[in-house]
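Okay, so here's the structure we're looking at.
Per-chain numbering from 1; labels A, B, C, D, E and F assigned in written order.
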Amino acid sequence: MADLTHLDERGRARMVDVSGKADTARSARAGARVRMEPSTLDKILDGSLPKGDVLSVARTAAIMAAKQTSNLIPLCHPLPIASVEIEFSKAGDGLLEIEADVRLTAKTGAEMEALTAVSIAGLTVYDMCKAVDRAMSVTDVRLLEKSGGKSGHYVREPDV
Amino acid sequence: MADLTHLDERGRARMVDVSGKADTARSARAGARVRMEPSTLDKILDGSLPKGDVLSVARTAAIMAAKQTSNLIPLCHPLPIASVEIEFSKAGDGLLEIEADVRLTAKTGAEMEALTAVSIAGLTVYDMCKAVDRAMSVTDVRLLEKSGGKSGHYVREPDV
Amino acid sequence: MADLTHLDERGRARMVDVSGKADTARSARAGARVRMEPSTLDKILDGSLPKGDVLSVARTAAIMAAKQTSNLIPLCHPLPIASVEIEFSKAGDGLLEIEADVRLTAKTGAEMEALTAVSIAGLTVYDMCKAVDRAMSVTDVRLLEKSGGKSGHYVREPDV
Amino acid sequence: MADLTHLDERGRARMVDVSGKADTARSARAGARVRMEPSTLDKILDGSLPKGDVLSVARTAAIMAAKQTSNLIPLCHPLPIASVEIEFSKAGDGLLEIEADVRLTAKTGAEMEALTAVSIAGLTVYDMCKAVDRAMSVTDVRLLEKSGGKSGHYVREPDV
Amino acid sequence: MADLTHLDERGRARMVDVSGKADTARSARAGARVRMEPSTLDKILDGSLPKGDVLSVARTAAIMAAKQTSNLIPLCHPLPIASVEIEFSKAGDGLLEIEADVRLTAKTGAEMEALTAVSIAGLTVYDMCKAVDRAMSVTDVRLLEKSGGKSGHYVREPDV
Amino acid sequence: MADLTHLDERGRARMVDVSGKADTARSARAGARVRMEPSTLDKILDGSLPKGDVLSVARTAAIMAAKQTSNLIPLCHPLPIASVEIEFSKAGDGLLEIEADVRLTAKTGAEMEALTAVSIAGLTVYDMCKAVDRAMSVTDVRLLEKSGGKSGHYVREPDV
């Protein structure tokens, strides 16, 4: 049990003590996919929605959600986020890829911020398109890359 | 474009006007899965974590997140949530299933609240176990069932 | 266990389902006391602090905290608060009494809102005076009276 | 003093009791202007910013801010907002006009929500353009129209 | 477009990366005015409102709003605010001047915090007096002075 | 009045300027007690509630509340909390003791975070048990110990 650091020796939750760690530059990149009808993705991407507003709203929601991470995930530390960037791309027929890149200098890393950002971006896309495609799903919310801190550089192995 | 009600005739975002709709009883049920190493799921479920605290914290986070939905998803209406229940179960080797059931009486439905609840539950499980299993992913965030309102009863077709 | 309605038959937390209940007018009155050096209370009450700003800030904090109750207490329902009033009085040497009166029309009662209001009022007084009296304590946070709803009128028995 | 209903007979703040009022349909329309260098407004409006993202972000911020009103303005009641629409237009050289239209059914009106929305929209425009035009100002934040409730229909007299 | 740093090369919003900047002491001073009937301002200032509670509530709201800035303005960085002071003064007949002074040590400046503080102070004054003077407006929300950081000292030129 | 640092020379509230202070390691420990029927405490502690969920929910609420402190207490500074631990124990018949230990590195101390955590933990216990014991009270919310910063180590004198 010693390896699940969010739980003390009796299995109770705690916010892990990072007070002894140094502030270092850290970055995290997370991804998520939204699976939908190809025609829904076409509407979002191909211009029948002037100004791309679905993705613009989702991007803003994602950036704001990154800043809410420690209010949503109980044991997360509040972190001084220095940068958030959100990318959307088409990953296949009816498959929207979302990526978030978060940077900061702190005693602990930014992966939860990046994961929260892509999750809320995906849910915002769902919310704005659900009237035409209720069966959409948000999937593959995952950490893609992480650097800084004691655990060093991590790059997710590509899916087979 | 008329069918994407979150966008007006010029493609700009707006909070859809529900002021003319009646308050009716509504419920929504959403699901998500967390994919992880089988040994991680065993630690969560099989008693090596006394008191099951990972799931207890994730359940509390999910309930509180449901109440934050309209602060996270830009075009969601604030809703007077009447009930939230969260269930966890094992859906397979290294696969944790999360379900949220949300009920309320309002002018619009509860699906975003249920989807937000399972997403944050999944991210909380990730956060509490990431030290031992960084490659975990949250997947299949989807609406399972929905009732109440003009659009009637919806049940998601089973995945093939 | 059936009588602890926040826990289901397996002891797990849930937000109690109030969707079947009627909206009725409800009110709750809660109290708290702040115990401090008599000279600290004198500074707060007797005019050496022009404009009584400690109590004014504490009153504003209490009203705002009542509106945050469902974001702080995990299983509380969000409620459409219709009125909050905060009273301060001297209950004895070095003893400040705080009372909150909350009214609303909803499916469930306002006692947690009133209790949260007086707690935060007390903590705000502590915060503003701690530089001169670190040993202050907030005590006797309790429900004084409650009306509306199925459980009927409740008045706390006077302390002996 | 009786006419300043947010203050009781002793001048202390309180959230005005609306528990005896009926739920009625209400709407409010507010406006604000952002004064800037004409070249800054041209950049925002005339296409040198592809996709109009400044206004899209400001619109999203405004809608989300409307939902935060009761958490920002101490004596505001939490209200079940049913609709928010935000409009931007050019009101003159270097003058951006912002309008918010808020609708809801409640015991009290939506004017603070509309005023908060346009204020935050204006500040968001400032934030996104301040690197090129630090002397911008947000001005003329005002209620334009209001309907519903006991006080009846209000239309602001045109500025001379 | 390169000069609008909140937008990337394709015009999409992002939170500007400040991770490479040093933490330095910064301060910002912003102002706003509330225009109202002279008799309304007299009620606020001249003692017919015992204890000056309108301004006390507005001051508390402004300080709390400064701390919410990064939750309201989408691309603002969360900052460790070290000090907020709010001043009210009479700027003319029926004209209330509000000033906020914000200090902090961080990688980016405090101007949005100061501007948010005075905006919410103005809206709070409106809210508390709107029953007697619905035509009040908040105007001239502007940065007065700013120091610290690479861009150096800024003092707004006096209005003519 | 000079000794009440939250008030300026005219008695008005302000967030005390800590911008000139150094970041140092700080910790604070606070306590609270919940007084209830002995049979209620037995239900919470002695296993008739499988998995101890009341305390698990209260612990999660306390940790999350610590992170909300500066949003609740008007003049508190936002602080980068590095650790929160919550302990529950039986302090006597029908008397539950709650302790919070908060650590961080900042320009000002963590005592309000620890006090807020135990207060919300106590209110959460009340909320989850109020259906069986409405007369419960939260009492003795107090600072137990504090270290770091200019004012040095503080240990509360034991109650007589």
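Assume a residue touches a chain if its C-beta (ideal position, glycine included) is under 8 Å from a C-beta of that chain, and two chains touch if they have at least 3 such contacts.
In this text the structure is predicted, and so the values were computed from the model without any measurement.
Novice: Taking contact as defined at the start, I'd like the list of chains shared as neighbours by chain B and chain E.
Specialist: Chains in contact with chain B as well as chain E: A, C, D, F.
Novice: More than half overlap in residue numbers between the two sides of the chain A-chain F interface, or less? Answer same or different.
Specialist: At the contact between chain A and chain F, which are copies of one sequence, the residues are largely different (under half shared).
Novice: Which chain has its C-alpha centroid farthest away from the centroid of chain C?
Specialist: With centres defined by C-alpha atoms, farthest from chain C sits A.
Novice: Which chain pair shares more contacting C-beta pairs: A-B, or A-E?
Specialist: A-B
Novice: Counting contact pairs by residue number and requiring over half to coincide, which of A-B, C-D or C-F is equivalent to B-C?
Specialist: Comparing each option in A-B, C-D or C-F with B-C, the repeat is C-D.
Novice: Quick one: how far do you have to rotate chain C to sit on chain D, C-alpha fit, nearest 5 degrees?
Specialist: 120
Novice: How big is the gap, in whole Å, between where the Cα atoms of chain D centre and where those of chain E centre?
Specialist: Here the centre of chain E sits 16 Å away from the centre of chain D.
Novice: Just give me the whole-number Å value for how far the CA centre of chain C lies from that of chain E.
Specialist: So the centre of chain C lies 31 Å away from the centre of chain E.
Novice: Two or more other chains touching the same residue: where does that happen in chain F?
Specialist: 12-13, 51, 53, 56-57, 60-61, 64, 68, 71, 74-75, 78, 80
Novice: Quick one: label the inter-chain contact graph as line, ring, star, complete or other.
Specialist: The chain contacts form none of line, ring, star or complete graph.
Novice: All pairs of touching chains?
Specialist: Final set of chain pairs in contact is A-B, A-D, A-E, A-F, B-C, B-D, B-F, C-D, C-E, C-F, D-E, E-F.
Novice: Show which residues of chain F lie in contact with chain B when the two form their complex.
Specialist: Where chain F meets chain B, its residues are 51-53, 56-57, 60-61, 64.
Novice: Considering the complex alone, what residue numbers of chain D touch chain E?
Specialist: On the chain D side, the touching residues are 1, 3-7, 10-13, 43, 48-51, 53-54, 56-57, 60-61, 64-65, 68, 71-76, 111-112, 115-116, 119-120, 122-124, 126-132, 134-143, 146, 154, 156-157.
Novice: Which part of chain F faces chain E closely enough to touch in the complex?
Specialist: Its residues touching chain E are 8, 12-19, 70-71, 74-75, 77-80, 106-107.
Novice: Write out the stretch or stretches of chain F touching chain A in their complex.
Specialist: Touch list, chain F to chain A: 25, 27, 56, 59-60, 63-64, 67-68, 78, 80-86, 103-105.
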